[in-house]
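Going by the order they are written in, the chains are A, B, C and D; count residues from 1 in each one.
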Amino acid sequence: MRNSTLLVLGAGVAVMAAGMVMPGWLTFLLTLALAKGLVVMGLLLLMKAGLVSFGQGLYYCLGAYCVGVAGDYLETQNALFLMLIAVVVCVALAAVIGLLLCRYRDIFFAMFSMAFSMILYGVLVKSSAFGSSDGFNVKPPLLFGWTPTGEPGPLMAYGLAVTAVTVVGIFVWNYLRSPMGYAGEAVRENEIRVEYLGSSVRRIIYIKYLLAAAMAGLGGGITALAAGHIDPEMAYWTTSGEFVFIALMGGTGHVAGPVIGAVLFELIRTYAFQISPYTWQMILGIALLAIILYLPKGVWSLVERFTKEKTS
Amino acid sequence: MITSFVKKSTLAGLLVASAVAQPVLAADEYKLGLVTFLSGGAAGPFGVPAKNAADLVLETLNAGGLPAPYNMKGINGRTIKPVYVDEAGGATKQASELRNLVERQGVDSVVGYISSGDCLAVPAVAEELKTLTVLFDCGTPRVFEDSSYQYVFRTGPTATMDNVAASHYIKEMFPKLDSVSGINQNYSFGHESWADFNGSLNKLIPNVEVTTKQFPKIYAGQYGAEISALMVNSANVIHSSFWGGDMEAFLLQGSARGLFEDQTAVLTTGESAMYRLEGQIPEGTILGGRGPFGIYAPDNALNRWFREAYIARFETAPTYPAYKMVQGIFGLKLATEKAAEKVKGQPTTEDVVSAFENLVYEGPGGTVSMNMGNGHQASMEMVYGRYSHKSGEPSVTDVRRYPAACVNPPEGMSSIEWIEKGMPGAKCN
Amino acid sequence: MKLVIAMLMDGVIYASWLFIIAAGLTLIYGVMRILNMAHGSFYAIGAYSGASLVGFYLAGGYPPWGAYLMLLGAAIVSGALVGILIERGLLRIMYGRDEVVMILVTYAILLILEDVIKLIWGVDAYFAYQPYTLLGRTKMAGISFANYDIALIFVAASICFLLWWGLNRTRQGKLLQAVIHDRDTAAFLGINVTKMFSITFVIGAVLGALAGSLTAPGISVMPGIGVEVIILAFAVVVIGGLGSVGGALMGALIVGLARSAAVHLYPEAELFVIYGVMGLVLAFRPQGLFAIATARKI
Amino acid sequence: MSALLETRSLARNFGAVTAAADIDVSINAGEIVGVIGSNGAGKTTFINMVTGYLQPSSGDILFKGKSIVGKNPRQVMRAGICRSFQVAQLFPELTVLDNVLIAYGLMQHRVLPMFRPLATGNSIKQAENLLQEYGIESYLPEKVMTLPQGVRKLLDIALAMLREPEVLLLDEPTSGVAIDDKFDLMDTVMQAVRKSGAGVLFVEHDMEVIARYSTRLIAFYDGRVLADGPVAEVMDNEKVKELVTGHHLEIDYKREVAHA
């Protein structure tokens, strides 16, 4: 286990170093994909417990707006500080909404969580101080006034994203093996048994919801810093749907699934845009169908199949 | 675990390698990125007319078939090769796609963006990549009021003048005006349009009552309740910045219920529906075209050529997004060629930028002056008229033209501030 | 008085429109446990085929009242065609997957159909306003309403009655109810569940297309109209209780009246009102108003 | 001496339907109380009420002299009353090992750890020992959904016993189990129970099982206690014969008692 943690850390450093030689568009694409990967990792925790949130956009957007608004009001570009604010605010909101949501299951959980994100969308569209539906621009991130290239650029956000994904990835990897992690699967499988083993199903779901909100807020914060612009679209239901899409694409069997899913999703989408600007939606739809049909456990299952063949 | 990582990184490496491979560029080609809506609700009314116009103009330019001063082949003699991108997907997505256009596809410059949100998001990327980016259609004045950019230009006028001119026009047409109502989409463009209209009208005619202001969701399509509310709270004039399908649906549903029989609508984008819904627009409806475009375009050689060629090819008259696209391409072409003349060779992007600043040129919609936003933002005259179908052909009467200096804030002042202060320095004749 | 009548009429008209959209969605969910996002595409396909068929028809100079038949015909033909194609070609091999996976499957279908629509009809708007204006208007308390919209109320009521009659008074309907109640037992009793699925999906698709084609005369038919109605329809069926036709009716009425009240009394709230109502209903009735009971034995 | 678990005039209605009324039952440590009654007699309702899954409409439940009415299943569990289920309540998609590991994990921590792994050398050993005790260690790597009913029932009871309860409520332990296996199953269970000294109440349809294992018998009918006392006495009760067991179903319970 120690070895694998080291390995993940090593991979993180390697990916970070690769950022130095990558073309800018790829760095940017990967930054956004990793940020989405973070959101989907949180979604993965919920999905392991049988809950599908169609409202993670709520925290994704809230995290982004926290970074944008706090950056403006406090006149800081300090990425760590801003991301911390994003996470804290998201967890605080989740602590309230979670109390209500942890009573719901299945499609009702999905729709109720979506309702909350749509309410945020509505509020932001009405807020002309925050630029209404056009949103506003966010200054590029610094680390205590420092950037790798000397001037603010996409590399800084990339570094943040890689670091965040590595740290959160290691956490989630360990989490999924812990009693709390397994409790999610237990809740999905049989709530009655969980209660009769002396654990509170609601509390388990609540904690997972908080963690998922924190990760979504972090992902949103990084997106804001990387893209330099935020708008209420981040809370729209299609954004939340995209996260579920990515989760199924990558597979929920492993913590790497969301990251692979997010990168693959962004790559497919950008090349679909380029190859067929008129019918890119169709390409995306066909890709999704193909994955559901042939790789029901997501793209990660390919990797698993590979390694199993190797070891057996 | 280890093998899984090896496999994973090989896979990722392959993906990256295939993605990095870039197409080879022909030296005499000018690669032009064109970004407009090709899907969703803005594609039909805006994106595709703009794309059609671009197709038409670029082909003619490459053949050298335009009247002077646009008679040089392509852009500065280089054949233009368009690269189209769909504007769908939101501002973050578009920031990402602009990078792809520049870094992966290697475009020389970009003309595009209809959505104001996109116009606010992409300039930062354009600056970072030092790529000349011409915004052609979006309306929010915030682009150059909130920030200043070196590599970004907007050849289309801002939406402020649509609504300020609408106030002027109403003042003239309705001397006894005492009430207005509004129906605008619930998003930035709708909110800003109403605020500009209401603000400027209050300065021009004090004490006008606002009977109701409705903000239905964009793309809602069903306006039954809103129309009833407008009927219950009847006013002299109904202001609406609805566009595309929403505007057309509102017109159809409103006409069928007789909404416009004792109230007059001001449709700031109404010109684009003139030919599509010719029988359905009530007589006397006030139509704007977001500038001197379409039916309001001046009778000059460029306009005659453009209109005829567009109608011949697409079997419909060009609407304002088409005009604005042509205007954007023309500005880029002219600035590039002016810079080339100055440096006597292929100009750098910076050369083109300095030639573009404060450029004054003629397009199919008349004079475009890049005299706002430190020489990066165009201003134009604004025109309003009233719909008439008496001749059996859709046409406009009572046309009033408002000079750019009358309906735009002076350099250095934001639109909101300008309207709040009672539009000081406006030179109306 | 004027205000109250306007509010009620607007609410009921909007509710009728919502119900016609939501009926097919809730029926498909009840029987098949698929929350069908592609329902939005059925709506769009219905609208496009309705609008273009009416256009053809009127261009041919036939009597204008026939346009209503065209709308109906376009919906039945296009809805049935797309419904059969999707059910046979795709959904059939997916049955038994998780509910969430099925939502994503139908989302993929939606994405594909959006572009198929674009390939067939292009991005230009289609109009078929003649049926809308032909019926004239009626004045109530000083406010005019389009007779076409008033007729929509009767159409919605007829659809509601037909569904009720079909489910409760026909043999096939009773079999369908058995499937809704307990799929496994129904299969065990020898009901051909697969056939029931096909029939339901086609009926649902036709209802979706009908909603679109009936809406077409009042709007400008263009890309993206389908996506806009899905979430509305979802909200309606969730409020009413997934899978219940009566629930969809109640949900539509609640949303319709709440929305029209907001528009007339407090327009700022228009965007929130649907989600507010949904939140309120779910907070007190977590399964919606008319939930299908699923008892769990321990 | 007051009983370990005692109910007083316990009642529960579902709308107009009375599922239980006036139930006075007591269980002492070491006792093995059988419960019989036709379907709908209120047996499972009774267990659900005692374990907090259902709240009684009226009446009281005393555990070691203290009322536990109003507590939820978790609290009742922690107090020392555990139960098994008519339909085994397990995690069907997971393996037997994971089921047991999760059970231990959830049971041992009030605040579940997020960083420590669930499966360690020790916890796996512990799980193996438990499964060995119930004779189902060979199923360790199998998914629960693939197991035969009998094994599932055993695993269900094993999980109920994890907390070493003072009162164990078994809801039809042999239902769904192959006839040939029912005594083996009951023997295994009773062995474990006797070791712990817990008081047991078990609902059962099978008179052979009742006769062989219970030290006292309670008959439920229509939500009420029809008879309560030594096995033979209750079995001979005319009302029980008429309403619960039925004359035609008479079996040679005396032989079974002797056998036990």
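Keep in mind that, in the parts below, a residue touches a chain if its C-beta (ideal position, glycine included) is under 8 Å from a C-beta of that chain, and two chains touch if they have at least 3 such contacts.
Please read these numbers as outputs of a predicted model, since none were measured by experiment.
J.: From the C-alpha centres, identify the chain that is farthest from chain B.
T.: Chain D.
J.: Across the interfaces B-C and A-C, which one involves more C-beta pairs in contact?
T.: Looking at B-C and A-C side by side, B-C shows more C-beta contacts.
J.: Once you find the CA centre of chain B and the CA centre of chain C, what distance in Å lies between them?
T.: Once rounded, the distance between the two centres reads 35 Å.
J.: What whole-Å value do you get for the distance between chain A and chain C if each is reduced to the mean of its CA atoms?
T.: The separation of the two C-alpha centroids amounts to 33 Å.
J.: Counting in whole Å, what is the centre-to-centre distance of chain C and chain D, each centre being its mean C-alpha position?
T.: About 49 Å, centre to centre.
J.: Roughly how far is chain A from chain D, going centre to centre by Cα mean, in whole Å?
T.: That gives a centre separation of 44 Å.
J.: What are the residue numbers in chain A that touch two or more other chains?
T.: 125-126, 192, 278, 280-281
J.: For chain D, jot down the residues that touch at least 2 other chains.
T.: 53, 85, 89
J.: Spell out, as numbers or ranges, the residues of chain B touching 2 or more other chains.
T.: Only 38-39, 186 qualify.
J.: Would you mind writing out the residues of chain B in touch with chain A in their complex?
T.: 1-5, 7-9, 11-12, 15-16, 19-20, 38-39, 84-86, 89-92, 95-97, 99-100, 102-105, 116-117, 120-121, 124-125, 128-129, 140, 142, 146-147, 186-189, 191-192, 195
J.: Where on chain D does chain A make contact in their complex?
T.: The touching residues are 51, 53, 72-74, 77-78, 82-83, 85, 89-94, 98, 101-103, 105-109, 112-119, 159-160, 162-163.
J.: Under the stated contact criterion, what part of chain C meets chain A in this complex?
T.: 35, 90, 93-94, 97, 99-101, 103-105, 107-112, 114-116, 118-119, 231, 234-235, 238, 242, 268, 271-272, 275-276, 278-279, 282-283, 286-288, 296, 298
J.: Enumerate the contact residues on chain B facing chain C in the complex.
T.: 38-41, 43-45, 47-48, 186, 212-217, 219-222, 224-226, 228-229, 231-232, 244-245, 248-249, 252-253, 255-259, 276-277, 280
J.: Which residues, counting only chain A, touch chain D once they are in their complex?
T.: Going through chain A, the ones touching chain D are 1, 174-175, 177-183, 185-186, 189-190, 192-200, 204.
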